[in-house]
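Okay, so subunit A shows up in both of these, paired with subunit B first and subunit C after.
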Partner chain A sequence: MFQHSIKKQERITGYLLILPWFLGFIFFYSGPMIFSFIVSFCNWDYFKNLSFIGLDNYFKIFDPAGHAMPAMRRTLKFVFLEVPLQLFISLMVAMLLTRKIPFTRISRTLIYLPSVMSGAVGGLIWRYMFNTQTGLLNYLLSFVGVKPIPWIENPDIALYSIVLTGIWAIGQPMILFIAAIQGVPSTYYEVAEVDGAGKLSQFLNITLPMITPAILINIIIILIQQFQMLAPIIVITSGGPAKSTYLFSYLEYENAFKFLKMGYASALSWFMFIIILTLTLIIMKSSSKWVFYQSEKGKML
Partner chain B sequence: MKKGITIILLMLLIPVFGLLAAGNSEKDDNAAGDVVTVSYITWDSGKGVEITQSIIDAFEEKNPGIKIELQSVPQGYDDKVLTAHAAGDTPDGLMMWNTSQWAEAGIVEDLSSYIDRDNYDMDRYLPVPKLWAEYKGGIYGLPKDFTPRAIFYNKNVFDEAGVSYPEAGWTFDDFVSTVKAINNNESGAAARYGYVAIPGHTYALQAFIWSNGGDLCSPDGTVASGYINSEAVVEVIQWYKTLFDMSISTGTMDAYQNLGQNEFQSGIVGMMDNGLWPLSVYKNDSSLNFGIAFPPVPHSGDSVTPVIHSATWSMFAKAENKDATWEFIKYIGGPDGARVFANERWGLPVFKGMAEELGLLDDEYMKVFVELGAEANKAPVFLRNPNWFEADNEFKLALEQIFLEDKDVQTALDEAAVRMDKILKAK
Partner chain C sequence: MNNKRSISSLFGRTVLFLILIITVVTFLIPVYWVFIKAVNGPIALFKYPPDLFPKRFSLDNFREGFEHYNIIVGFINTLKIVFINMVGTTLVSAIVAYGFSRMVFPGRNILFVIVISSILIPWDVKVIPQFMEFSHLGWTNTFLPLIVPMMFGFPFYIFVFRQFIIQIPYELDEAGIIDGSSRIGIFFRILLPLLKPPIMTVMVYEFVRSWNDFLDPLIYLSKMSTYTLTLTIYYMITPFQMNWGAVMAMSSLAVLFPVLVFFVLQKFLFGGLSFSGLKG
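== the complex of A and B ==
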């Protein structure tokens, strides 16, 4: 009797403790998600007219004459460039900042700072830097004799310029990498050095495998973030020039708030959700092949 | 255990009480006393708000029972309007530019009954700004100030190149020769460009297309084929492409209307197409020696059909204090309000004869804008169909393909026409 009552009390306390989060989840997450799912099967101009149209919105996504498929292609191209770029740079910077050199603490803070800035503010700064005639980038390049590059005016290179702006946001993955790198027991390095392994070999055979969990987390986080990236595009190029930076997130934004086509926009966002979910699941599935968790020390050696 | 639960429950309830209290205090203000508070939103900031506030002060003196609370929303104005309406909690009044979309969506109140009740004379307004307020038989606001687009030219740059200033009646070919004469193919601070061109500025191009006898779509806004890809339009786009290839272009999209303002002010550009907004900034810049000219016409003898920018003083459909808001709209949208804005050179007055009455024709810059304003006889295309923005995106894409990727003009416009038809016809 006594034991039952304690268990029950603990259970009730447990539910009460998670109640705030749970209510928040219902009202701010799953409620709107269900609503958006229903709306995706309708035509809705956000105010008056709501009419059920079945799967038409989803068919429209695959319309060859439409903008959704090109936008998704561009987004995939963008993400597959951006994720490796951010991973690589943040890892290199993290490696650098875990050495015993001066100013690592303050460097970490400075490098992390831009990712705190809102995407719109950062985007604005990039737009002025990209300006062909008066921007900072072309100004610096002029010192080495390079002619002005039309960063965001040439449809062929505009997308790559936007990819470039991603180096702004490496602060977050870098922090995770630093923590992971510092978590590698130094005994491994000592042993390796005794065996005559060079720095590069140490990096490839000790550091990299040991931080694969951090790599996995960063891949997934960066992947999801970059699929949804929107504010910089609105501010820097508005999807132009000639739609070269018109990503899927921008298509959703325009349809929802400029053309007042909430139904279609909802369908678009569910489509994106499925794509991101699929990619994430694939990566998680593959992780068992290449991610090493320290608790399985036996397998490694 | 019990203490812990109590603390958690308290933590949950305190913010709830806080929200309730905040909500209640708003309602109390209006209940006490006889003063009605009308909330009005504007997209202006700085000088615009100053001018509007001065009109509000004058109105409040004449109407002691009404207080106007002006809210400035310089960023995300459209979003604020849409979300406030969707949430059901809107201010009382707003400035409105997007008549077709907002009237169609039921965001703004049809003021026809107020206008009839008070015998408010709508015929005092110039015809084209008046069209801004009208949609499907209703009247959704009182016209605000307006501005046509004209050509700004930098006298110093012209003198340097030895080119004579533009005269009214000059043609597309004259324009091209002028740009060619000013371009000097140098770079950096010594560079001189005849014109600052914009690759996808569909709004400004309307004027040139109309002057050439063409249009962007049918008068009822449902068909693009036969209009957007007609010979008249192709001719205009080909002319602009010639200009674009020779000109400095402003790829950065700032406030949509003020493209080119910075480039022109830097002194390396000879001409710019703009409304009168830069005037207030330029007049205080003593290094800038400029003039205003009529836009060029396609062929000698053609008449110019300018495109104007305007807006209306409107009321939210979900406003709480409609009668008080209408009193304010009547004042600021009436001759008293219009006079103040015009005297500040903020925009042209929308009332017939007021520009002459205020002596604007004696102002060397305002004179051209007033004369152009009198020539306006067409309202911009977006007022015809709420789906126009989506269709316009296709037109803009075609233009960018033509200007930036050298696509053939007729092909690009033909393809755009097909997509635009589908969009314009959709419900």
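== the complex of A and C ==
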């Protein structure tokens, strides 16, 4: 009886302790999201009356003459460039920083630095460095004989310039990779050494399989981050030139906060959410085929 | 044989070391450039070729920035938001995490899965519904949209705290129960003092996040007296006027604080990631 009442008391205390999060979840996440789902079937210019228009907002997204499909294609191109690049470079840097060479600790700190800069302020600095005539980048490239590149003035180049700015902020994935690499037991390498395995073979057969959990987490985090990449676009190009950097997130931002087309913007955000969710689930589903866990405990939950 | 091997290994390490230097220099270019251009004076801004190493030192850009723009107001506004968020969200997230890691109640695991999943909800997806909600409440041009949601705990921080708490032996709680402490008393008297590492981690994260936040202020704040630091700097650039000297000077200030905090407290930032169990 006494035991029972303690258990009951613990249950109540438990619910009370997590109550703040639960209320926040209702008021700031699920509640508004359900509301926006309803609004996505309406025409609502925010200040004017709202009217139900069925699936029209979604038809508008798939309208081949509209802005949404080209914007989504650009976003997919951007994401599929940025994710592998960030993954590859952060892994290479992490490998470098876990070798037995001097100054790796301070280097880790310095390489992380651009990641604590805000996307907006960092974007301004990049915009200044991208200047075709007087910018730092073209000046540095002139030493190796490269002619001035119109980084953000040429529609064929601008998107790649934005991709480039993202590569600087790889602190987070780098740290996860360093922790994962350091977590590989050194005995594995010693055994491989005795067997005469070269460095490349050690990397491919020991390091890479052992850090697949970190690769999985990094892919998902970078993917979600890059789909919603917005601040650098606002600050550097505003979607230009000739709409070459007009990404889906920017389209959403303009419709919601410049044109106040809340119905259409809600539909856009749900469309984006479903694409991100689908891709994330596909990656997670595939992970059982390529992610290697040392123990059950290693899993995220 | 042995000697030959150590020579080749020395050579290999030297090559790696050179690659390391090049990598570090490459990553530091934007950080270096903002500080150099900030103290280089206004004339040097569009000089070509630019001086890679500044030939003169001048604080004119800073004077320009402070005189012509509301930097001080932005600075104070940012500090207010950062301070309230750092204290509030850290405390609430820790309490919620305590509930998730120490109490047994039906639905606990499924609710925690929801916490984890909501880390992954993109900003784009929740910002539009939140904007409709907050502007209906009349919260635009106040700091409430930037503060209130944080006061209910932040999913990622709850996760960080929970991963730390489950590693603390439960016997400590039991000792408290036997002494007749209430559960919340156990949290404040026994667990909280042990939670210093994740508290520091979360505070550093929240400092950097709140300080750098640009999109939420951009959407909710349109009165000049409410601008945050990043927003003030962003509005320094208009189609008619680009005072890049002042922009670089003020940007260097905006970058300086997170950089300093990061330098001093980096062990908590890096340590936090390893104990949060993301190591795999």
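We adopt the following convention: the second predicted complex is superposed on the first by the 294 of 301 C-alpha atoms of A that agree within 3 Å, B and C clash if a C-alpha of one lies under 4 Å from a C-alpha of the other, contacts with A are read in each partner's own complex, and residues count from 1 in each chain.
In this text, a residue touches a chain if its C-beta (ideal position, glycine included) is under 8 Å from a C-beta of that chain, and two chains touch if they have at least 3 such contacts.
Since this is a predicted model, take the numbers as computed values, not measurements.
Colleague: Once both complexes are superposed via subunit A, do subunit B and subunit C end up clashing or fitting?
Modeller: When both complexes are placed onto subunit A, subunit B and subunit C end up clashing with one another.
Colleague: Kindly classify A:Leu17 by the partners it touches after superposition: subunit B alone (first), subunit C alone (second), both, or neither?
Modeller: After superposing on A, A:Leu17 lies in contact with both subunit B and subunit C.
Colleague: Who does A:Gly240 touch here: subunit B (first), subunit C (second), both, or neither?
Modeller: It touches subunit B, and subunit C stays clear.
Colleague: With both structures superposed, pick whichever of subunit B and subunit C touches the larger number of subunit A residues.
Modeller: C
Colleague: Please indicate which partner A:Lys100 is in contact with in the superposed arrangement: first for subunit B, second for subunit C, both, or neither.
Modeller: A:Lys100 sits against subunit C, while subunit B stays out of touch.
Colleague: Regarding the shared-chain residue A:Leu113, is it in contact with subunit B (first), subunit C (second), both, or neither?
Modeller: In the superposition, A:Leu113 contacts subunit C only.
Colleague: So, A:Gly166: does it touch subunit B (first), subunit C (second), both, or neither?
Modeller: neither
Colleague: Quick one: is A:Gly263 in contact with subunit B, with subunit C, with both, or with neither? Answer first, second, both or neither.
Modeller: neither
Colleague: Do subunit B and subunit C touch any of the same residues on subunit A, and if so, which?
Modeller: In subunit A, residues 13, 16-17, 20, 46, 128, 131, 133, 257 are touched by subunit B and also by subunit C.
Colleague: Name, in rising order, each residue of subunit A that touches subunit B in their complex.
Modeller: 9, 13, 16-17, 19-20, 43, 45-48, 65, 127-128, 131-133, 150, 152-155, 238, 240-243, 254, 257-260
Colleague: Which part of subunit C faces subunit A closely enough to touch in the complex?
Modeller: Subunit C residues touching subunit A: 13, 16-17, 19-20, 23-24, 27-31, 33-34, 37, 46-50, 92, 95-96, 98-100, 103-106, 108, 111-116, 118, 120-133, 149, 151-153, 155, 158, 183-184, 208, 211-215, 218-219, 230, 233-234, 237, 244, 247-248, 251, 254-255, 258-259, 261-263, 266, 270, 273-274, 277-280.
Colleague: Using the touch definition from the top, list the residues of subunit A that touch subunit C in their complex.
Modeller: These residues of subunit A touch subunit C: 7, 10-11, 13-18, 20-25, 27-29, 31-33, 35-36, 39, 46, 93, 96-97, 99-104, 107-114, 116-122, 124-126, 128-129, 131, 133-134, 136, 139, 142, 168, 175-176, 179-180, 183, 211-214, 217, 220, 224, 227-228, 230-231, 234-235, 249, 252-253, 256-257, 262, 265-266, 269-270, 272-273, 276, 280, 293, 298, 300-301.
Colleague: Considering the complex alone, what residue numbers of subunit B touch subunit A?
Modeller: It comes out as residues 1, 4-5, 8, 12, 78-79, 82, 85-86, 101, 105-107, 199-200, 248-249, 251-253, 263, 386-387, 389-390, 393, 397, 400-401, 404-405, 419, 427.
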